[in-house]
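Shared between the two complexes below is chain A, which pairs with chain B and chain C, respectively.
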Partner chain A sequence: MTYNSILYIFLFLPVVLLSYQLVPKHHRPKVLLLASYVFFYSISGKLLVYLLFSTLAIHYIGLWLSYSRKEYSDRKEHPVNEQTADDKKALKAAYTRKNRGILWFGIGIQLSMLLILKYSDFFGGNINQLLKLVSSPVLLPAFKFALPIGISFYTLQAISYLVDIYYQKIEADDNLGKLALYMAFFPLLMEGPICRYSQTAGTLYEGKPLEYKNVTFGMQRVLWGLFKKLIIADRLNMLVVTVFDKPDHYSGITIIVAAILYTFQLYADFSGCIDITIGTGEMFGVTIPENFKQPFFSKSASEFWRRWHITLGAWLKDYIFYPISLTKFVKNLGKSSRAKYGKHMGQIIPSSIALFGVWICNGLWHGTGWNYIFFGIYYFVLILLGNIFEPLIQTVAESLKINRNSGIYSALQTVKTLLIIFTGELFFRADDLGTGMRMFGSIFTGFHFNTLTNGSLLKLGLSLGDFIVVLFSLIIVLTVGILHEREISIREKIAGWNIALRWGFLYTVIVLVIIFGAYGGGYIPAKLIYAGF
Partner chain B sequence: MEKLLEILKDINPNIDYETETRLIDGGLLDSFSILSLIPELEDAFEIEITPVELIPVNFNSAKAIWSMISRLQEE
Partner chain C sequence: MQSKHIIKPILFFSGLFILLYGLSYLFLPYNSTGEGPYKKLNGILSAPKDTIDYITLGDSECSTSISPMELWNKHGYAGYNCGVPGQRLQDTYYLLQQILNNQSPKVVLLETNAFYRSFDYSNALQDAVDKAAQNIFPVYKYHNSWKYFNLGTLENIPKKPGHKIPRAYKGYQYNSVTKPYLDGPYVHKTDKIEPIDAQPLFYLNKIVDLCKERNIQLILYSAPTPLCWTYEKHNAADSFASKNNLTYIDLNLHAEKLKIDWARDTRDKGNHMNYYGAKKVTDYIGDYLSEHTDLTDRRGQKQYASWNTALKKYLKLTQVS
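This part shows the complex of A and B:
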């Protein structure tokens, strides 16, 4: 069962909504939790045990952290003997060491499960390659585990829960049911977004009654998600699969078209799924954080990552970038670099270490392949170079009297960023790094303008009609993006229309999805892409 | 407070720290500036700044930074 399946839309979701509304308020979170475990079981079966173990682990370790902090507060507030400043410092240091140990134990449990289940095959395979190179007679046994759905998402949620308790941002919750629902809420299981306990747990557990506005707005958001997923993403999948499955058969403009259309497919697929997730949450009165903010309007690679998969970027910033930046080693490096190389490099050198950590994690989070590591390093290098050369670019622009706020300059920056994104996604989608390199090289070696006119682009799985449908749909997505960029709420506008116009419009969208959705005979069933990560 | 203003001036001398209240929200200080400010603050005021303190509200003005320093000194 996936979010775009008939079973989910027409049976699972309505049954859960109805059951939720019919039971007394205090039982509603139980309905959501039961539905979440049923949903999880329908995809991953007995692997549900991993999610249960993760939940229990953070529950007890969270309470342990909280208990340890309380113990410290008691000893600090009510000392047995009078304490000097040094005694107080020593007590604080001992407490910090203990709590840091508990935190690392908790993170260790979560990370080991993720590393073993998701990465043992990749790391084991690479170590074996190295062992073969040195003609080692011993090789590591090969393990490949079945991955529970959403492990990459809920593991990050689990870690953020523990770290937030450690830093006293939140209190450990003694309500196991509330924590279990935070970890398992079914709309979040397949593709996130990655929520924080302080963001969603409270409203999830509130058991608010269904409200007309929430349900209708939620349904509209789900419909919008289905529009993107079924009409755009699943249609583009035909061309993308054709080219990327036989990369050596194609070159030049065909590869460029495939990379661009894959980027749009990925956006429509992932953001469409997030629309369904947020819309479903909205129906239950739960606010789920946004994960996209018109990413293709970005003027730099770093801005793109503040607009694309926002919750992953924010997680990496809070739990990787800042903690690395605030280690003694990095802080000392910053001070010495500043003294040696001046203010600018004094900022760049230490932050590059933290940035490297962020981008390696970003690459590896997406998957187990060298192309994903390359994808992370690619953005690390581009963002680092952008930071290094920023003062030089500013000086050149000032001396040439170029207005960096002008429309033309902004448009050129957007085009540059799009080229960066399309290139990155080419490597991201390729089967492996070598294939990605070959495909990228063949853009230049096999570039012929007549590819555009000889009809070969129409032999890649998409007819002219399909291209027209995609083009019109993308124009609609672009228009909606422009309105959102201007902070215009389309659903509020629709709500202000008279009933005939409103329902006429909604039925039109439903009919469009039914008619133009790329499903059934002639189309390859397309999985939700990010659910595979 | 004077010591703090001195450190801030060293990070970026072109900002009027006594009146500015949108250092982060207004984009005057970016995360790189904040990260180079932290070791200076820690050394000057004998405090430890943890990642949880890295939120805009703590760095939007010199006054906000000062109140964070005072709070951390008391802890």
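This part shows the complex of A and C:
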């Protein structure tokens, strides 16, 4: 069962909504939790035990952290003997060490599960390659585990819960059910977004009754998600699969088209799924954070990542970038760099260490191939270079009297960013790094303009009709993006229309999704892309 | 919620129901049995009565591993690959029943991978909901007909021949993509048995009974697949075959004899055969059928003239590889 399946839309979700509304308020979270476990089980079966273990682990470790802090506070406030300043310091240091130990123990459990289940095959394979190089008689045994759905997402949620308790942003919750629902809420399971405990747990457990506006607005958001997923993403999948499955058969403009269309596919797929997720949450009165903010309007790579998969970027900033930046080593490096190279490089050098950590984690989080690591390093280098050369670009622009706020300059920046994005996604989608490199190289070696006119683009799995449907759908997505950029709420506007117009509009969108959706006979079944990460 | 908040959704969904019901009439093709997702079934069901001498059954391991046209080319046996990706044995059983209404094959080759495709409630429910939606609103099934829709006549014109899955494949799922399998030997001799679940076993027995009843020679075979097959599974299939006096050919144990080149003969890193692998499997199975069954060479028979035309088309379609 996936979010775009008829089973989810027309059976699972209505049954959960109805059950939720019919039971007394204090039982509603239980309905959501039960539905979440049924949903999880329907995809990953017995692997549900991993999620249960993760939940139990953070529950008890969170309480342990909380207890330890309370114990410290009691001993500080009510010492058995009179304490000197040194005693107090020693006590504080001892408890800091203890709490840090507990935190690392908790993080270690979560990370070990993720590393073993998701990465053992990749790391084991690479270590074996090295062992073969040195003619080692011993090789590591090959392990490949079945991955529970959403492990990459719920593990990050689990870690953020523990770290937030450690830094006293939240209190450990002694309500296991509430925590379990935070970890397992079914709309979040497949593709996130990555929520924080303080953001969602409260409203999830509140058991608010269904409200007409929430349900109708939620349904409209789900419909919009289906439009993007079924009409655009799943249709583009046919061309993308054709080219990326036989990369050596294509070159030049065909590769460029495939990279661009894959980027649009990924966006329509992921953001469409997030629309369904947020819409589902909205129906239950749960606010789920946005994960996209018109990413293709970005004017730089770093802005792109503030608009694309926002919750992953925010997580990496809070739990990788800042902790690395605050280590003694990086702080000292900052001081010495400022002294040696001045203020600008004094900021760049230490932050590049933290930035490197962020991008390696970003790459590895997406998958277990060298192309994903390359993808991370690619953005690290681009963003780092952008930071390094920013003062120089500013100086050149001023001396040439270029207005960096002008429309033309902004448009050129957007085009540059799009090129960066398309190139990155080419490597991201390729089977491996070598294939990505070959495909990228073949853009230049096999470039012929007549590819655009000789009809070869129509032999890649999409007919002219399909291209026209994609084009019109992308124009609609672009228009909606422009309206959102201007902070216009389309659903509020629609709610203001008279009933005939409103229903006519909704019927039209539903019929468009049913007729032009790329599902069933004649199409390749397309999985939710981010659910595989 | 107020009463208007209950009446409005009821009216909205009633309107939607009527709209989709009406649209369905526009989208139904002229001959609804010739289109849609049941092409394969239609392929063999549309074959003239009692002209098929053997069929192959199973899931994607079957549909990708035996090419009937290769068998026709070498031995002149008229057969059909009725493998359906993801098919469970219960569906295989009902498919066989349906095929036997119109055909009387002498041999049925049953691929064994589906022995381990246990019943999945979620998939079954998904299928049931899908089928219900297709029955109530055929537009859900035939929505793709917009590509052939004539606005002038408000009718759905039949697809052009070029858009159909070529009948020359006779059910075989052609694919020439190569993605090598590199992890070396995968069937390691053992006495252990991986038991077949009760549900697939129940339908397996029904298939055996049905073949006996219709006097059909049932042969079990396992297509080479490092990702799906193990010696434990081999032992279970072998034991089942012995108990029921059936022939069982495990090609995973004969990969060297077949000269399977795992760097070239698989389309997805050892999960399925590609065209090159299927040719080798088909060649082996063809020789076996030639030696151990009394199938007839139909190449010279007038009734089978279309098969020679199909062969030319098949050879052309597979020529690029």
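List of remarks:
In this section, the second predicted complex is superposed on the first by the 533 of 533 C-alpha atoms of A that agree within 3 Å, B and C clash if a C-alpha of one lies under 4 Å from a C-alpha of the other, contacts with A are read in each partner's own complex, and residues count from 1 in each chain.
The rule is short, and it goes like this: a residue touches a chain if its C-beta (ideal position, glycine included) is under 8 Å from a C-beta of that chain, and two chains touch if they have at least 3 such contacts.
Worth saying up front: this structure is predicted, and the values here are computed from it rather than measured.
Look at A:299: by the touch rule set out above, it reaches neither chain B nor chain C. Once chain A of one complex is fitted onto chain A of the other, the partner contacts of A:142 are limited to chain C, with no touch recorded for chain B.
Of the two partner chains placed around the shared chain by superposition, neither chain B nor chain C is touched by A:307.
Of the two partner chains placed by superposition, A:491 touches none, neither chain B nor chain C.
By the touch criterion defined above, A:511 lies against chain C but remains apart from chain B after alignment on the C-alpha atoms of chain A. Looking at the shared chain after the overlay, A:245 reaches chain C, while chain B stays out of its contact range. With both structures placed on the common chain, the touch criterion links A:438 to neither chain B nor chain C.
After overlaying the two complexes on the shared chain, residue contacts for A:98 are found with neither chain B nor chain C.
Those residues of chain B that touch chain A in the shared complex are 11, 31-33, 35-36, 38-39, 42, 49-52, 54. Chain A makes touch with chain C in their complex at residues 1, 5-7, 10-11, 42-43, 142, 210-212, 245-246, 431, 463, 465, 503, 506-507, 510-511, 514-517, 519-523. Across the interface of their complex, chain B is touched by residues 164, 167-169, 317-319, 321-323, 325-326, 331-332, 334-335, 338, 343, 346-348, 350-351, 354, 387 of chain A.
Of all residues in chain C, those touching chain A in their complex are 1-2, 5, 12, 15-16, 19-20, 23, 27, 35-37, 39, 121-122, 125-126, 129-130, 133, 139-141, 143-144, 146-147, 177, 179, 183.
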